[in-house]
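Please find one structure pasted underneath; my questions will follow.
Read from first to last, the chains carry the letters A, B, C and D; within each, the first residue is number 1.
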Amino acid sequence: MTTDPLLFTYTLRLGDDALILAQRLSEWASRAPEIEEDIALTNIALDLLGQARVLLDYAGKVEGAGRDEDDLAYLRTEPEFLNVHLVEQENGDFAHTIARQLFFSTYQLALYEELISSKDDVLAGVAAKGVKEAAYHRDHAQQWTLRLGDGTEESHRRMQAAVDRFWPFTPELFESDEVTRALAARGIGVDPSVLRPRWEQAIDDVLREATLRKPELIWASYGGRRGVHTECFGYLLAEMQYLHRLHPDASW
Amino acid sequence: MAADDPTAAGLDELTARFEATIAANERIEPRDWMPDGYRQTLIRQIAQHAHSEIIGMQPEANWITRAPSLLRKAILLAKVQDEAGHGLYLYAAAETLGVSRAELFELLHSRKQKYSSIFNYPTLTWADVGAIGWLVDGAAITNQVPLCRCSYGPYARAMIRICKEESFHQRQGFDILYRLSHGTPAQHEMAQDAVNRWWWPSLMMFGPPDDQSPHTAQSMAWGIKRFTNDELRQKFVDMIVPQAAVLGLTLPDPQLRWNPERGHYDFGPIDWSEFYRVIGGGGPCNEQRLRHRIEAYTAGAWVREAAAAYAAKHGQRTAA
Amino acid sequence: MTTDPLLFTYTLRLGDDALILAQRLSEWASRAPEIEEDIALTNIALDLLGQARVLLDYAGKVEGAGRDEDDLAYLRTEPEFLNVHLVEQENGDFAHTIARQLFFSTYQLALYEELISSKDDVLAGVAAKGVKEAAYHRDHAQQWTLRLGDGTEESHRRMQAAVDRFWPFTPELFESDEVTRALAARGIGVDPSVLRPRWEQAIDDVLREATLRKPELIWASYGGRRGVHTECFGYLLAEMQYLHRLHPDASW
Amino acid sequence: MAADDPTAAGLDELTARFEATIAANERIEPRDWMPDGYRQTLIRQIAQHAHSEIIGMQPEANWITRAPSLLRKAILLAKVQDEAGHGLYLYAAAETLGVSRAELFELLHSRKQKYSSIFNYPTLTWADVGAIGWLVDGAAITNQVPLCRCSYGPYARAMIRICKEESFHQRQGFDILYRLSHGTPAQHEMAQDAVNRWWWPSLMMFGPPDDQSPHTAQSMAWGIKRFTNDELRQKFVDMIVPQAAVLGLTLPDPQLRWNPERGHYDFGPIDWSEFYRVIGGGGPCNEQRLRHRIEAYTAGAWVREAAAAYAAKHGQRTAA
């Protein structure tokens, strides 16, 4: 049934990253430290959700089994989700949310900058629009990383703890495998390992300016791209999917 | 407060100029002299309106993570974002009257200022998101459209932007309910239940009946208010009843019927004891909404302090 | 199909109170302030879960529609749950959990003391066993109320906040309606309004000894007995039911 | 530490008496003199065991609120409660050696003492609860049954109580997997996936191979250990393989087969680099488990302080 299983997998991975991070960010609504941040975090969530919808819709078409964006978002089980672990991690405090966003958006910006020249029109289109969005998300996270890192003693401590906490989740962003290598060879996808130097450089610069210490990598979390997730993910899915699954024959 | 200290003669002249502006249906601007009562009334009203936008995010945010389709999730996210934006406009409008956002938050958190009592009801099902859009935003628009012609310029201009977005919200709420009402039996029941719970509180959003609303006359004289509470309530009922028929939902009022003599819908008596009870802190979510708000604000204190410290430091460094 | 709809409703109410409070308490596992409390809170949860299982099983038999305890726990929707609002409220800090337990167990003990002489053998049996359990739960909550109320300045402040927070949820415990009145008249159930004086006296005594102020009642939360719940309940149900609902044809 | 300061002659005599007790397979009790190395080895081992019970609550507690039936929920709650109880027995046993529970917590939280590395793997599905019961508790029992004959009395007695409960747990784990394996295809797949993930980590629970386990000889001489790591591992494999056949699940080791000459099952090589990586902090949940533990302990500090303050106050009042 699947017309291009590698492209299906690749598109799902991109879509799931965006969907799950949007879900986490939307938990902030009405809880941000100031109104401007309620607006900013919602805005980032909306951008990512928009990307997710296009990507999941497209994945469904590539698969050719008649699944639409909602079938893919609401009716897959945990091992069928292919997002990286970083995006599913709990929000923690504002510094944690910023660190997660800094790491992800810096990666996504580099990814979209490459994906813009994909031979696949849909992916190229997502990238062309997404590159502007990711640049804004990255700038927002950078600015807050500076403010928190170089703000008060407390904010410095919290920001450093957040950077340390999510550091082990960053290598997975650059994991390359047969899927990414094959699609990169076809000029459709990007092998994320090529994005790493750019990411490292950008993150080094921000951490330094923010007076933050770059963590040592003691371990690295992998598995999301193969559907193996972390313990917090099941709770997220239960909340996200419960209502939709409760009414299997409904449209909304 | 921001006013000069004019002589008695000067005061007369200023009052006359103020009243002439109002009479000419022109706008009072922040730089203009205004009577203290006018200023205080506006501060109270704009602040309450701003607080309502901010508190009003909660009942809807309650369903973002559980929205049953991605499109609905996106629309709801955008709506809650709009509410934060409305809050910003309105706090900015209040600031032109000489009161800061931080002061207004303090008044909200210490219960010295109120927000719309409608947000003291819970959103128990997804259909409540539809009912809020249709009924609560519908009532808000009915209230707010005349405010676009309010005599105070910054408030009137904020309302023009807000009203545009609110009418989207109302349509989206209607659309949610339409899909539910025409969906499965469980969905239809969910929609009807939500409308049953939100109908009477929506009617109360226009405030007490005219004969119990002592400030209305002064507010109308000042061009802040353009219609009385009961006039607005009637407009709302007249707008909603035909829409309910399109939705295929009933409104929980057996006395609701068209009155050809009045050219309006008649409706049953409102339980004003409930209104005053909820205003006074006895609604199902008064405690919860304020606690949620204060907890979020308190938890964010270190972030705001960090931003201030960074700005101060950054300024110093640039200067050095 | 229902052979005795009033008894069905009444039994569900008792069962749901126990089930939902057990669910909340079990969220504490591995999170208590000391190991002894991990054991105590789990123990209370286990007692309540045991009561819930007998009651839901019995409710299913009374209904006569072939539903077992799991069908009733996992396949009802929110408006079909008939527990009071108190038991569904979030755990909060340890003081909140203790205040909720003090209020509930003091009520449940009084209830079971009456229900012991029910003409319904199952309800009388649940009460006979439950009266010892509830007495232990009540003692545990009382002791902690004293320690926290009359402990440090911080613990006093937290315990008072917890008592204030849950006070509006206590009148619902004593709400009487056609169901309770009819079953009381038949000698099967207890009209909870008769329990109130005993509860008030017991709570007054504990609060006084714990140097805590008895709150004023500004509002009271009602609706649970008719299936109208508070906003936090939907999240609890989604988490509790998700896995079971995901596998509708499975047995465990 | 708790020992007297005996003369050299006295020390010889004490040592001789200690060794005679060990040789006679009798128990060393807290009041008895014991060599410092014996004491330190026991403290380390009992503490690590106690910490493992406490940290080990987390992966299973992760599924209590989501257990798919009420019976399973009750069994799992009781199991997690047992683990807290085991922790208590073991901290009490360690305290007889002169170290307090608070000190041991401090050593755990500062990473100076370890807990069993098996708990650094996540419980991703309900089947993991079964796999932990069957494999992890199975391995624990294999390790622990000989400890019921440990030379140190309080530890041996704690282990007797613990082993009784653990064998329940193992049977319950088996039962969970049996139901899954014989359930729907999705359930069977869940069970097989869990076994695939937990098999090798379970084998690692017995510690490094004998030739890399320098302390084994001393521990065996002291009667703390009764079998080597490799002997215990083999016992475990021999117990589990036939049970897997009953379950209808495979073990993820193509080299696993009966060796009639040895009278044991042969199995493939263990990836010891993973073992050392996870011990060293590189498991998927090391950070998470310790953070969870420290957060819970820190969040409870005010409760423990209140209990202490109340006890002190109450004592005073009684005295007054």
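The rule is simple: a residue touches a chain if its C-beta (ideal position, glycine included) is under 8 Å from a C-beta of that chain, and two chains touch if they have at least 3 such contacts.
Since this is a predicted model, take the numbers as computed values, not measurements.
Enquirer: Decide which interface, A-B or A-D, involves more C-beta pairs in contact, and give its chain pair.
Expert: Result of the comparison of A-D and A-B: A-B.
Enquirer: Centre to centre, by mean C-alpha position, how many angstrom separate subunit C and subunit D?
Expert: Once rounded, the distance between the two centres reads 35 Å.
Enquirer: For subunit D, give me the residues that contact two or more of the other chains.
Expert: 66, in rising order.
Enquirer: Mind pulling the subunit C residues that touch 2 or more other chains?
Expert: In subunit C, residues 238-239, 242-243 touch at least two other chains, as defined above.
Enquirer: So, with touch as defined above, which chain pairs make the list?
Expert: A-B, A-C, A-D, B-C, C-D
Enquirer: Report the residues of subunit C in contact with subunit B in the complex, numbered from low to high.
Expert: Touch list, subunit C to subunit B: 78-79, 165, 168, 218-219, 221, 223, 228-231, 234, 238.
Enquirer: Would you mind writing out the residues of subunit B in touch with subunit A in their complex?
Expert: 54, 57-58, 61, 64-74, 77-78, 80-81, 84-85, 87-88, 91, 126, 176, 179-180, 183-184, 186-187, 292-293, 296-297, 299-307, 309-311, 313
Enquirer: Within their complex, state which residues of subunit A touch subunit C.
Expert: Those in contact with subunit C are residues 77, 235, 237-239, 241-243, 245-246.
Enquirer: Taking the complex as given, what residues does subunit C use to touch subunit D?
Expert: The touching residues are 19, 23, 26-27, 29-39, 42-43, 45-46, 49-50, 52-53, 56, 69-70, 73-74, 93-94, 146-148, 150-152, 154-155, 158, 239-240, 242-244, 247, 249-252.
Enquirer: Which bits of subunit D are touching subunit A when the two form their complex?
Expert: Within the complex, subunit D touches subunit A at residues 59, 62, 66, 122-125, 193, 277, 280-288.
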